[in-house]
Amino acid sequence: MWYDLLTSVFRGLVNTVLLLALAPLCEGIVRKLTARIQSRQGPPIRQAYYDILKLLGKEDIEVGESPVFQRLAAALGLASVLCIAWLIPMGVGIPFSGGDVILLVYLLALGAVVGVLAGIASGTTYSMLGVSREVMMLITLEPLLIIALLVAAVNGGSMRLEPVFSGVVFGDVTFSYAGLIMLLMVLAAFQAYVKRVPFDIAEAETEIMEGALMEYSGPKLALFKYAQMCRLVVYSGVFVALFVPWGNELMFPLGWLLFWLKVAVLVVLVTVLAASHARYRIDQAVRYFLVMVAVSFGALVLAALGY
Amino acid sequence: MLKELCRKMFPRSLWVYHANSGGCNGCDIEVLNALTPWYDAERFGIKLVGSPRHADVMLCQGPAMRATEIALRRAYDAMPSPKLVFAIGSCAGGGGIWHDTYSVLGPVEKVVPVDYYIPGCPPRPEAIVFGVALVLGLVEKKVVDIHVKQDEFPIPRYHPEDLEEVDGTVKYTKSEVV
Amino acid sequence: MLNPENAVMWAMLVCIVTAVIMPLFNRSKRVSGWLAFAAAAISACLVFVAAVYVLMNGGGEPISFLKSRALGFALRLHVDGLSAVFLLLTAFVSICSAFYSIEYLGHYERHGPARYYSWLLLFIAALYGIVSTTDTMYFFFIFWQLMTVAGFALMRYENEKRANRRAAAKFFWMMQLACFVTMVGAFLLAPSGIVVEQGEELMRFDFVSLQSNMPALFSESPGVITAAFVLFLIGFGIKMGMWPLGGIWLPDAHPAAPSPVSALLSGVMIKTGVYGVMRYFLWLVPAESLSDFHSGAWGLVIALIGTVTLLLGTAKALGQEQTKRLLAYHSIGQIGYILLGFGICLSLVSNPAAGARQVALLGLFAALFHTINHGVFKSLLFLNAGSLLYVTDTQDLNKMGGLMRYMPVSGVTALVGACSISGIPLFNGFASKWGLYSAGFQAAPWSAYLPLCAAVAVFTSALTLASFVKFFGASFMSRAGRHVIESVSEGSRKVLDWKMKVAQVLPALVCVLLGIFPVVVFSRFHYALGRDAQGMLLSLTDGAPVEGGLWRGVEALGAKAVFAPIGLLVVLGALVLFCCWLLRAGGAQRRPASPWLCGYAWDAEDFRYNAHGYYGELKALFKCKGNTRLNRESDDMYALGSETDTAARGRAGVVAEKTETD
Amino acid sequence: MSLAAKIKEVLICLRAGRVTLPYPFEPATVPKAFRGRPIFDVERCVGCAGCANNCPAREILVEDVCQEVRILKYLGRRCTYCGRCADLCPENAITMSNEFETATDEISDVGQTLELFMGTCQRCGRCFTSPTPLEELKLKGYRIDDLMNERWVFRSKPFLNEEKTVDDIDIELD
Amino acid sequence: MFILHLLNRLQERFGDGISRVDMTSDERLYLYVKPAVLRNVCVFLFDTMSARYAVGIGADDTPYSGKYQVAHNFAFDGKNLFCSVITYVDGTAPEVDSISDRIPAANWSEREFYDLVGVRAAGHPFPKRLILPDGWPDGEHPLRKDVPWNHVPENFHSGREYEFERLPEGCVAVPFGPFHPTLDEPAHFRLYVEGERIAGCEYRGFMAHRGIEKLAESVLTYNEIPMMAERICGICGCVHNVAYAQAVEEAAALSPTKRAEYIRTIMLEVERLHSHLLWVGLACHIAGFDTLFMQSFRIREPVMRIAEKITGNRKTYALCVIGGVRWNLDEDACTGLRRVIDNLEDEWRGVVAAVSKDKNIQRRTRDVGVASPGLVKRMGLLGPVARASGICIDARRDHPYAAYDEVEFDVIVRESCDVWARILVRALEVFESIRIIRQCLSKMPDGPIAAEITDELPSARTGISSVEAPRGEAHHFVITGEDNKPRRWRVRAPTYQNLQGIPYMIKDQTLSDMTLTLGSIDPCFSCTDRVETIDIRSCSHRVYSGRELESLVRRKDK
């Protein structure tokens, strides 16, 4: 039992540290690649580290009636994303076995909710507009992801994360069409999960000046930005673990490298899509996602019926 | 240790906020140009942000106007320190053609403390990139206040003996040497 | 000897007696308040002891009081596991509510305390009674009417407001209908010809006799049974706010009553409907006639109704801009969850597969757990709403904002309540929803529609979250508006008393504790329900659906779903600490500032984003646009003081102005 | 089809390749005609103040310290780089250079101050003449700017006609 | 002829109301009317004769006639005619009848001349301050002749608040500007928002009002003003530069040399190229499509470079002086320009082909910011906004100037009235500009680039010039004066009209659409907010004949 506990903690720490270390790198890749698509040289690939460090040292302007809450929100926002690194197999197995798919999705949502509350706490009109949009996105996106996970759970007959993240989404014994449908759905909504164009509606720079984060500066902004970078990795990780888990069980360096390679491929895909689209309007996005939610309800029934 | 590191990172990641307090748009567009493929100021970690709270650098364009004076000061106050202010173009640096009219207050330094000036009307994108490079310490500044004095009057004094008649008109022969 | 039934009887007596003598103390609000609290506390303690005893040791035999052979009835009380759960909830909420009332009532200048406390105590007594009586006709009627009349009186406490009178009347008549329907149902199950004599104390409409009638009835006229259960469902459905009938009275009734009563109404009273449905459907049908009952079909119907209820209730709540009204719609929504859990249980109860029966039991546990949770967090939220009303004198979310600075205790507790109801992990709402979803999704092999219902519930959970982001954000976060500044300015400021604070902190603590130790609850359910199992429930007792320990957390359905709150708490806590260190590590200075409004904004009041603006697109999609004007007018009617009436009339005269520049 | 359009767009982007110029690590080229910072040649300037009178930004200021010495101050800070001064200088003492790297932390760095001898013109015909009537002196008469405050002081014709003096400025007319 | 027909109709109808008529050419009609009939004449022109309202001008003429002057300019686009209805009013508190209730396009003009000159438009539906800063005391009018250009009233109070209309029920005000990432320039929109839906808005702009017109009439000279005129706007500067020069030239009846006209045409089109490319880029940026923003800036850069090569600056060309231009176009520059536009045409064709099929962009822009043809007419909307609503107006064709009557081009018109149509119009106009530049380069005659001017310009003449800027028609009105400077110079930038249509276009749209709609008119607040200079001399009863004026000008080439 102590051995299990130590392994868990060790794996969790590895995942957390890697996530913290690599998330800005992914952001750097995104920015560099975006720049190349835009015919530019682009920032150095380690630019995101500079940004975070600079923000940590900047003055912290506190707007709003509840500064303590806002500080806590900034910390919780990052912590909840980091916590997910304990729930998904990032090449080294799942560190924390005390959660299932429902906890995973709720934790993913928690990060967004904390950001939302922080936005409200600052109380500016624009951040409220951003919050309103963010929540509308959340409402439609959260069910989509949980249904994708649950299709796997239904196919595999268990909601625990280990079986769910073993490719069972495409069926345990027979092939499952529901898994395929959910793959398409999640892929189509993936930009929204990681908050990139065309679904970065909640922080549209040119409309509402980054929305909920508009009033935040200095270390709090750094933490929110960091959480956003981590979110890209974490969602990619969830996607990889759920839909393309093959190879993860390889020997230590191989499976681990393969995982990060898959994440990198997903990051590249996200970047290309983000660079080639215009932002949608919130009502268009919500309608789009509601249709997808309806389709995934169908997929869930299919899965329950064994297809 | 982390504190020191954070402080050092400041110039490597300048997020700029552009505040046009009443200019003609020319400098604005050149600033945008400096961010676009040919000049790409993002090479130096520069990023345009929409909210002054996120900004490290305020790019002032246009003169300080009576109508926007308060807004400009508020924008400056809204920025977290450490912060820099760039005055871009003739209007921000010196008030422009209209520096003394009834609705113009003058150069932006009358409202916010300016750290760097990038003259030009509008400055070329290279000039803006140069200004950025100046902050980053990549280049040395190339201008210095010039005071010059005439030792002698540039045109020789009029001497009748230098007059010469050519084709019926009288010419001053030394004129060619000038 | 103080057995549970006696304790409950004594508790009721204490309440009733105090209620009767209450008018003597009408002159002092303080004295009557403390007296009422003492009565509520004593009775709650009695009930608490009884309930805990039953949960730890199982229930005993029913005890009869007030026997009357001539009339053919007796007050038979029976505290078994199910009753104990509801009694516990009632006791807890009534203590908080009564304690909160002491100070809160001081705010009503025109109304004496006796009218309030008398009815409040009677109301509590009725609640105790209705969940512990075994009589389905006479005493059911008495307790029901006592509850209805007391509720009616409490809603009319501020009887000068027309909206209150209307809401109370609506409540009254709907309750009469519910009562009538339920009693007809009971009557159908006990035709005069086939009373089974089992002993001298057995009554015709006693629960046990109805139960023993069932097998015979199934063979003779199954149609009657179906009709009876339809009537039960309708009757209790009305009570609990089930779609489609509950929406008629519930959203009006909750805002009309004084806030502590709203807490009781929403936290406990509507739960009597849940109690009724559970009791009649699961306990009444004997295990041997299981195959005749078509429980699968009933489960389907209830689960579907539950799904519709939760979706519609929550969607409607999304458009609300008044604190209590918003909470009231959420009561409907949360009742939907409970129904869904119960529906899952019912639809799998007769399934021969062992796994299915485990899932069914988990559904029941989830529903029960959610009942408790809802009672706790919803009464907490209503008390928070009461505090908001107390301080700002309005229920209009549009006028609030920034109150975290002025009432931090209410703010933090409201945050706990909001997190609980929207199911944030580590709060109690998550634990019960987790059980519900686990049951719903694991039901897939036996029923394809239950996962769908659960998925809708997940979607609705997100809607709930959105709605509470609005509730909490617009009141406590956001920016203080003119109205708030005036309310909290020196002189006119009403400070929350420590009593009110304690009454809010208590349920908040329970929310957190239940969220961190759900395993205790599940294990108690399993023990208590299993021990007193009757009827269909008997078929469900083959194995514990939920196991676990404090450290391992809860593991449902043979560890197919796990949730380890303490582990999560440790991990998350450590990470939060790390992040807090990160916040300070850069050595950044802090500086307060006013919001950035693009530099040119003179009157910040107009730029305050109000609750009306949230989720415009979504509301348009759901076609549930709250009627602004209507909302605001009714708000002023619900305000504490009636001085604002004139202001309301003045504002109603304002017409939308031309908004364009030219 | 939208996908085809997206692919086309991406292709356009990729075909262009990277176009970013290496400036400031390598010097930038400037076209010959570029109107950069004006350079005042003190050797050639006759102090006619034609540039000062035709500067739209009114930033070339003149002050006559005494009858013999005139200070001509080019502030640089509000220069519009229109090149009218260079156009109109009769002695070609002003050239629009191709300097554009004038960013500085001290705005006075871009200024140039010339201290000039004023000769008395004796029908030399080499004074400032305007190319067209439109460039004629707008100030007929005299002008003293406030160099300290970088203020252009406008003394209108009526003022000179009426031979009034203004309190804050002493005009010494010989 | 239309002008005579129009005069006849006017005479018939108003008879004595018309005190004087000047026809300086077939294309210009100056109608001096009595104040009493001003309103009726304007309404007659607008309603019955279907004229387009161009601009209203107020001027202080007191040093000359002791009266204040008010003019309303109308354009007959199909007939190549500008008609200016001028009236004189006197008194300490001068007043004219407002025409804004019948001609909404005149709204701002009327508010403007009250602010700046102090002539009140009686019966104006929305008589609020428009131009002057909030702190400016009431009753001070900077464009009056007795006020120096740098005079700031002593009781100027910078903390004074502007009074906005009351918030509509259920709405929240969203402050939009002066510093907002979508706005490149300071202007404040107070949006009344319900959720995201915009229920209305109030505009408090003119924060970039720099006193340009006052400066021109009191400090600068004729040839300095072009340098200032092009700084009215940093993007379409050359348009104002040329328009001003043309207006003065028209007033003084001198004409620039042929080569100068061609060079002006070329530079105007070069400017249109870079402006349209810039606009497409910015619109994409607003819509979050940064790649296309970057690409259009990449494609645009050679245009800027060639402009720099020809004129010495990337945007402020400092092109015109009265009577000609300053920079010649040598062989080297011509080849360079040809190469640039060839490359540009290729690349842009590819981009347009891709973008016009892009559903993603269309979803954001179709049925957004709809300006119905009725609105276009009512508010006098101009340029691509009008052309995207199916109203075919283009000053280059309707009121030809420079060398536009000698080149062939199409006016691009779209019917769908939305932002998408505006994108298409602008994208396609790029090709027309390229076509025009090609023709000009091949047809350009040799010769001097500026006419020689030997004398001072006559005073008290009026000139109107209309130049099609990338955003629409820029309208300049000049009254010449003494001392080498104009007496009144009124600039009406296209945005001045287009912006007035914005409240109607954004009504009931979401905030996201609002930024796009605002972007779609390509607003140029600095243009709109230029400093007024009013100088009207009312007693210039004498009108020079063309022949008389000709004697004033001696062409260099003769």
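Each chain carries a letter (A, B, C, D and E) given by its place in the written order, and its residues are counted from 1.
Note that a residue touches a chain if its C-beta (ideal position, glycine included) is under 8 Å from a C-beta of that chain, and two chains touch if they have at least 3 such contacts.
Since we're looking at a predicted model, the values are computed, not measured.
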Starting at chain B, what is the smallest number of hops through touching chains needed to reach chain E? 1
Using C-alpha centres only, name the chain that sits farthest from chain D. C
Would you indicate which pair of chains has the most C-beta pairs in contact? A-C
Suppose every chain is reduced to the average of its Cα atoms; which one is closest to the average of all protein Cα atoms? A
Using mean C-alpha positions as chain centres, tell me how far chain A is from chain E in Å, no decimals. 50
Measuring centre to centre with CA averages, how many angstrom lie between chain A and chain B? 43
Centre-of-Cα separation between chain E and chain D, whole angstrom: 28
Per the C-alpha centroid definition, the whole-Å distance linking chain C and chain E comes out as 66
Residues of chain C that touch at least two other chains are 585-587, 589, 591, 593, 596-600, 607-609, 613-617
Provide the list of chain A residues touching at least two other chains, using ranges where the numbers run on. 37-41, 53, 56-61, 63, 125, 129, 132, 205-206, 209, 214-215, 218, 275-277, 282-283
For chain B, residue numbers touching 2 or more other chains are 2-3, 6, 36-38, 40, 43, 49-53, 68, 70-71, 75, 78, 80-81, 96-97, 100, 121, 124
Pairwise chain contacts under the document criterion: A-B, A-C, A-D, A-E, B-C, B-D, B-E, C-E, D-E
Quick check on the complex: what are the chain B residues that touch chain C? 2-3, 6, 51-53, 68, 70-72, 74-75, 77-78, 80-81
Touch list for chain E against partner chain D, complex: 219-225, 227-228, 231, 291-292, 295, 298, 305, 308-313, 316, 318, 321-323, 326-327, 347, 350-351, 353-355, 357-360, 452-457, 483-485
Residues on chain A engaged by chain E in the complex (per definition of touch): 34, 37-40, 125-126, 129, 132-133, 197-198, 200-201, 204-209, 275-284
In the complex, go through chain C and note every residue touching chain A. 401-405, 411, 422-425, 430, 433-434, 437-438, 441-442, 444-445, 447-452, 455-456, 458-459, 462-463, 465-466, 469, 472-474, 476-480, 552-553, 559-564, 567-568, 571-572, 575-576, 578-580, 582-597, 607-609, 613-618, 620-621
Chain D contacts chain E in the complex at 1-2, 4-6, 8-9, 12-13, 16, 19, 31, 33-35, 54-56, 58, 80-84, 87, 96, 132-136, 138, 154, 157
